[in-house]
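Handing you a structure now.
Note that the chains are named A, B, C, D and E in the order they appear, and that numbering of residues resets to 1 at the start of each chain.
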Amino acid sequence: MDIGWYLAVSAIVFAIGAAGVITRRNPLLVLLCLELMLGASSLALLAFAKMHGNLDGHVFALVVIVVAAAEVAVGLGIVVALYRNKVAVDVDELRELHG
Amino acid sequence: MTSLVSAAVEAPDIDWAGLSPLLALLGGSIVVLLVGLLRSRTARHGVVPFLTIVSFAAAGGLAVWQWDERGALISGALALDPLYLLTALGVAAAGVAATLLGVGTAAPREAAHGEFHGLLLVSGAGMVVFAGAQNLVVTFVGLELLSIPLYILAATELHRRRSLESGLKYLIVGSVGSATLLYGFALIYGATGATDYAAIRTALGDADLRDDVLLLGGMAMTIVGLCFKASVAPFHQWTPDVYEGAPTAVTTFMATATKVATLVAMIRLFDVALPGVSDVWGPVLAALAAIAMIVGNVGALGQSSAKRLLAFSSVAQAGYMLVGVVVGTQLGAEATTFYVLAYLVMTAAAFAVVAAVEREAGTDDGVAFEGLAQRRPVHAVALTLSLLGLAGVPATVGFVAKLRIIESAVDGDYAWLAVVLVVGSMISFAYYLRLIARVWSGAPREAPTPSTAVAPLAGADPVGDAVSGVRSPAPAVLGAVWPTTVVAGIAGAAVLVLGIVPGPLMDTVEAVGRSLPTIF
Amino acid sequence: MLRSYLPLLVFLVLSTGVGAFFLIANTLLGPRFKRRPTTYTEDAYECGLPSEVQQGFRFGISFYLIAMLFLLFDIEVVFLYPIAVELRTVGTFALVETGVFIVLLLIAFVYVWRRGALEWK
Amino acid sequence: MLHLSILLWLPLAIALAGLVVPRALVRWVALGGSLLTLALAIGFLVDFESAAPGLQHATDETWIGALGVHYALGLDGLNAWLLLLAAVGFTFTFAWSALGGGGVAEVDRPGTYYFHLGVAYTGVIGALVAQDLLLFVAFFDLMLIPFFFLAVGWGTDPPGSDKVRAVTRMVVYTLVGSLLMLVGAVAIGVLATPDGQSISFSFADLAQRGVPEGSQGWIFACFAAAFLVKMPAFPIHGWLREGYKTLPLPVLAVFSGVLSKVAVYGFLRVALPLLPSGAADLRWVVLIIAVLSILYASSIALTTVDARLVLGYSSIAQLGFITLGVFSFRTDGASGAILQSVNHGLVVLPAFLAVGILASRAGGSEDIRDMGGVAFRAPIFAILFVVVTYAVLAMPGTSNFVGEFLILRGVWEGASIALACVAAIGVALAAVYALRLFIRTTHNRVGPKVVSRDLSPSELLLLGVPVLLIVALAVHPQQTLRASDRASTQSVLGAAAAADPEKARSMLEESSVGREAAATGAAGAQGAAGAAGQAVDPTTGQPADPSGAVPVDPSTGQAIDPTTGQPVDPSGGQAVPVDPSTGQPVDPSGGVPVDPSTGQPVDPTTGGAGR
Amino acid sequence: MTLATVGYFEPWYVQLLKTLIIFGIGFSLVPLALLYERKLLGRFQNRPGPNRVGPFGSMQPAADILKLISKEQFQPRGAIGWLFKLAPLISAVAALATFALIPFGRTQDVFGTDVGLYVADSNIGLLLFFALSSLGSYGVLLGGWSSGSKYSFLGAMRGAAQLISYEISQGLALLGIVMTAGSLSLSEIVEHQNGMWFIVPQIVGGLIFFVATLAEINRTPFDLLEADSELVAGFMTEYGGGRFALYFVGEYVHLVVAGAMFSTLFLGGWNLPFGIDPPGWVDPIVVLAKTGLIVSLIIWIRASLPKVRYDQLMSFGWKVLLPLATLNALVTAIILVTLAD
């Protein structure tokens, strides 16, 4: 299969993820969208690994999986802590800080 | 898949001595984590910070020990060169400062001492990896190893909503940056077929990839991702919020060590892997640097919170530091390295004072600094020196650093950037001086009592500090002040001494330029 | 290569078909009422008590904690599999790596245990 | 040769000592220290040989090797008298602060106060004696910072604003220029460095290497911005009103009297010699700014009712004159500028003290409408003040008159007659506002709150000594001129040659200092022009005089008379003697060998730097 | 009679045919297992079990299913409609799909064509197994969550927590096998047990896997997903009719697959002990027999053991099985490498 298709899919998924991060309010959904972005990158890496016929992309993708997991774990932890502080979990309502 | 399972794997060479700074940090983090589990209060409150400092100091010491060594660690994954060792030194210094500033504060206590300090050490290790990486994969690993603990650390004050918010914000923005960077890396890999910096350089030399869409897109996304990390405008929006919300000790570490590691990694990536296409990324980075200088300095003008002010100033400073990367010369690499180290010292001093004020007044608002000169002269002098240094006044290390940056800019045909830089510095005087004026004028105020009591403790997990069976009562003060005095005093003195006698540090940094033979 | 997964695909289609058959057959065979179902049939099961269920209830932290622990340890498993396959080919180096990895895993495990994350509440 | 270092660091040492000695002793330690420094400065001046070329008491150590920054100090005709001015100015301020009087009570937190003054003192001396560009820039920036702290800690809120805002504005304004100057300085260093050589910022090296002509324009603009803001000049004086109102009077006296002169010195030391063609290109911009400054500031000084600001705006006007003198690109103009700098500094010190005394008699108000009739019971004060006033308005007979005359003559000859005429209006206006200030404060109807009493002993001392100095200088201005003539000629010559070679030649010929100095200066001029790489003969690769007025023989590299075609001594048209032993052409005036490959005479001033 | 080389595949019609056959066998095992369990439980409890419908009650499963699919379909007011309907389907499909991975014998020569006795022999078969069985937990989670009932919801949360907790141990327990066999392909693993079944060297791993599997497929003593005593019927509380039947099907397919997988991984698959080497057509029978044995064992456990408490369940999984499985992997690795040198 043409490498372009993989890249197209990965680009689309990445774009969906990025759009989600920007537009979504619920931090859990934002985390999911982040996963999409990382997943898209993995796909691109694997496609390129196939194209170049070396293993670097595979190794990279494996690393990305772990990173994604760690990020989600941390993200969940913070979201839970926010829940416990009886905070509305909506990124738009994180207004305590000015930005 | 077939290739994956049948690929021959050979055991890589590992230079344990060269790796030792890294190992000291990682090993330290494990020890600290486990010691933090002990029941004894002394162990958790005293031994853990002490061991943390020992680990950081050991990492720094080992880096000095390895100073004359050159080569590669783990089959070329990491470079054993001055950049790597200087980063280890810088991170060690920042780590010691952050640990000291954390002594007795709420953050380590709420995060069960071991965790707080262990994460600090792991993050430090990540920075060293990030700065030493010679490979896209290792770079990414280092980046995440440094970032993820920082996300947690930012949120360690579990009962302060701002802390949690800042952690979540940092996580989301940081992860977006990481993902973007990763995609950029993927595209660069796609364009060149290699993840190794040296191989990428060779590939770029072999084929004319100047107009390759993959490479251009990859570089663009890489730049964006790195700029998120280094908080270069316009990717800086998270910085003030996170700096303000995170516990000050963590902010100190974040502001100093992260900057060191990120800038060094940028030097390495752009000047080692991608020097051949510097005419492509150079103008882009230059524009970003200029934007960062302006946005950071203008943004800082309206801030009353000292932490936010320093956050915006760090955006501007990131812009200054970027100049050395932009020009892509040995001179530039040296200038940026020198600036980064100078910045580390100055910022550490500033944040130490902020921490002290925060402990006494319960807030970091500018008003709380009034009369500091009478209350705490050492802090006042240290803050003054560090802010003057950040502004670039002679006789501070900031002046020499700025001098080098300007020199490299003029030398690298980016004189306009130097002009933008000084215009930015000029704006920066307005807010630095305002804070300094607050410190030195104003009625000497009695040290105000902390405005808010800290909520009772418990960890994120169901047990929290209850592991020990001890629930500490809400503390009356937010921690002792003496550690901040130590940090502020030493860092403030360093700002002055290095400003008057910059020779030794400058000679040290010169080794950086020599160790990067790929650029001129 | 992909052809070898063709039977699996067919298998999946078949099982989905059978599953769908159950659902459809139930719709066809089951009694149907002309009128709208009463409120009582629509109530969630509460042993006869009035239903107090609302959407969006929360649940214990422990579940989140388990989810996070799972994420982390499962990733460890993911890492161990590739090296397990190649363990004998690579030999001592892989053993040392695996050893270091597992020891780190155990340290993390001890820490988590000691901090009480494994106590179900 | 550590003498200059001692002079340089002594104030700082005193400042640090002030931090540790008991509170009651601080001011005496500070005063003693400043007197010691003054004595040392006088010693240097006495030791100074006006006739000797080159730097005296030179020191040269490497400071930052990697950057080519040297710790190089030296004394010559440009800075010797300014050094004395600085010492006098700071001693005056120290004494005023320590002794009190003129509305100044005992300083609170004296340790820190004198510390900042000491740092400023060191900064000013450093900027004056630095012989390395970056060292100069560093001290130039540094000397300003203590004034920020002095204003914040001991200043007063100006009307309608607060002191932090005001002083921040002042510092930001002045540092803008300074930072631009930093860029310019680095640019000079980098651009002047030939390939393969290490970078150096020493004035001597820079003068020899020269900056490419194309870059000189913007670099000069950077420097000019720095110096003009510091002076300040007309469109960029926004910080002045509030800044002057904020600073405590003793501090303001030294700020106005001494610091602005460092900017003038900067033009003469850095901007003109190193960037001759840039200076020539932008000469008219600066000249017009200077004239506008004179007219604008004079008219404001005429109308303002604030005694302090009268002096402030008169300073702008005076510095406009001084700038005119510098940019006349003539020896007399530049010497006049230096003389006038010293004069103005000396005049401003007692003038501010007088304002302080007046204000203290008028219930603390500095509004001249609240004063008046102070002389009623204070004849001594009135006498001393009138001397100061005469000096301000440059009465013939005062040294100020000599200075202004020299400047106007320089402008007349060197720049434009029209400009000199317009500038002369400023002289007339000065008489009006100075007399207005004097009359309305000391004579007229007694002000509502005025309590007229004569000077206290300390006030008498403080006012008397500067007045004596003014008188002394009026009697004997030649000392200054003799010392500065040679150096100022060298300083402006490159720029003069770049601007108008004919005038440069004529200036040398009529120079009052004599042939010897002229010869040295001419050599310097040619050196500067050649080193700047302004025009390199394409066939020979040798630098040619860009102006064409002093053509260079391509075969020998010697200057040739355009009319006769014979090699000439640029100073007097005599043939260049050749050293019989080496065959090298020798500069007849000083036996300085001329480099045969480039045709450049080895500049005796730069050659002397290492001594 | 050789092992299929990687990438080998039969003509498409053969593939289709064998898929149909294996699906048929697999699916017909569901009522069989159902009946077998009820009969066996009856015997354990000293009663006959179902004996009315058909000869010896053999038509009981058919009657059950018929009854279920002729019931009224309803869903609670708070339910999320499409998820509520989809969830049981996921559960059943995921369970059935795992069946496709089990190798029933060596490659046979059937009418001149080499036919692999499996639906799909992937070189990452083990990973696929984990992937597909994890999908099953979605069925549980979504079903309970979409019901809009608190019992369902709590049951689902608990169920999901239980499933993922034991999945780690399950994965770690198999590491020893993977190391020894050096492959993730199920048929290669079976082939590797030609001399010695893995249950002998990997007895610890086998036990852990067995226990974890019990929890994974929701059998006593770990059938906390239903938790009749506290949570009515756990995540299935709101289900009835055909949808409930699907969950039911999924559960029994899981039972059979668990048996088959354990025999494949630890009991040597189609290999027989003591060097007995029967002709190829016996292979499936051997596999099925071993599967039956394990299924019987699981039913026996159900008949004998009481249910554990939920906290006991979790701590057993995390505090006993997980470290044990990790150590097992470590020890296996050390032994393997030392022996190789």
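The definition used in the following text is that a residue touches a chain if its C-beta (ideal position, glycine included) is under 8 Å from a C-beta of that chain, and two chains touch if they have at least 3 such contacts.
Just so you know, these numbers come straight off a predicted model, no measurement behind them.
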| item | value |
| --- | --- |
| Any chain that touches chain C and chain A | B |
| Of C-E and A-B, pair with higher C-beta contact tally | C-E |
| Most centrally placed chain, judged by C-alpha centres | B |
| Furthest chain, CA centroid comparison against chain B | E |
| Distance-maximising chain from chain C - centres being C-alpha averages | D |
| Cα-centroid distance, chain A relative to chain D, in whole angstrom | 63 |
| Separation of mean Cα positions, chain E and chain D [Å, integer] | 94 |
| Chain C-chain E separation of Cα centroids, rounded to whole Å | 14 |
| Chain centre separation in whole Å, for chain D relative to chain B (CA means) | 44 |
| Overlap residues in chain D, where contacts from two or more other chains coincide | none |
| Of all residues in chain A, the ones touching two or more other chains | 70, 77, 80 |
| Where chain B touches two or more other chains at once, by residue number | 4-5 |
| Touching residues on chain A, where the partner in the complex is chain B | 7, 14, 17-18, 21, 27, 30-31, 34, 37-38, 40-41, 44-45, 47-48, 51-60, 63-64, 67, 70-71, 74-75, 77-82, 85, 87, 91, 94, 96-99 |
| Interface residues, chain C side, partner chain E - complex | 1, 3-8, 10-12, 14-16, 18-20, 22-23, 25-27, 29-33, 37, 39, 41-47, 51-55, 57, 59-60, 62-63, 66-67, 69-70, 73-74, 77, 80-81, 84-89, 91-92, 94-95, 98-99, 102, 105-106, 109, 113, 118-120 |
| Of chain B, residues touching chain C in the complex | 4-5, 8-11, 30, 33-34, 37, 112, 114, 459, 461-463, 466-467 |
| Partner chain A, residues of chain C touching it in the complex | 58, 61, 64-65, 67-68, 71-72, 74-75, 78-79, 82 |
| Complex interface listing, chain A residues touching chain C | 62, 65-66, 69-70, 72-73, 76-77, 80, 83-84 |
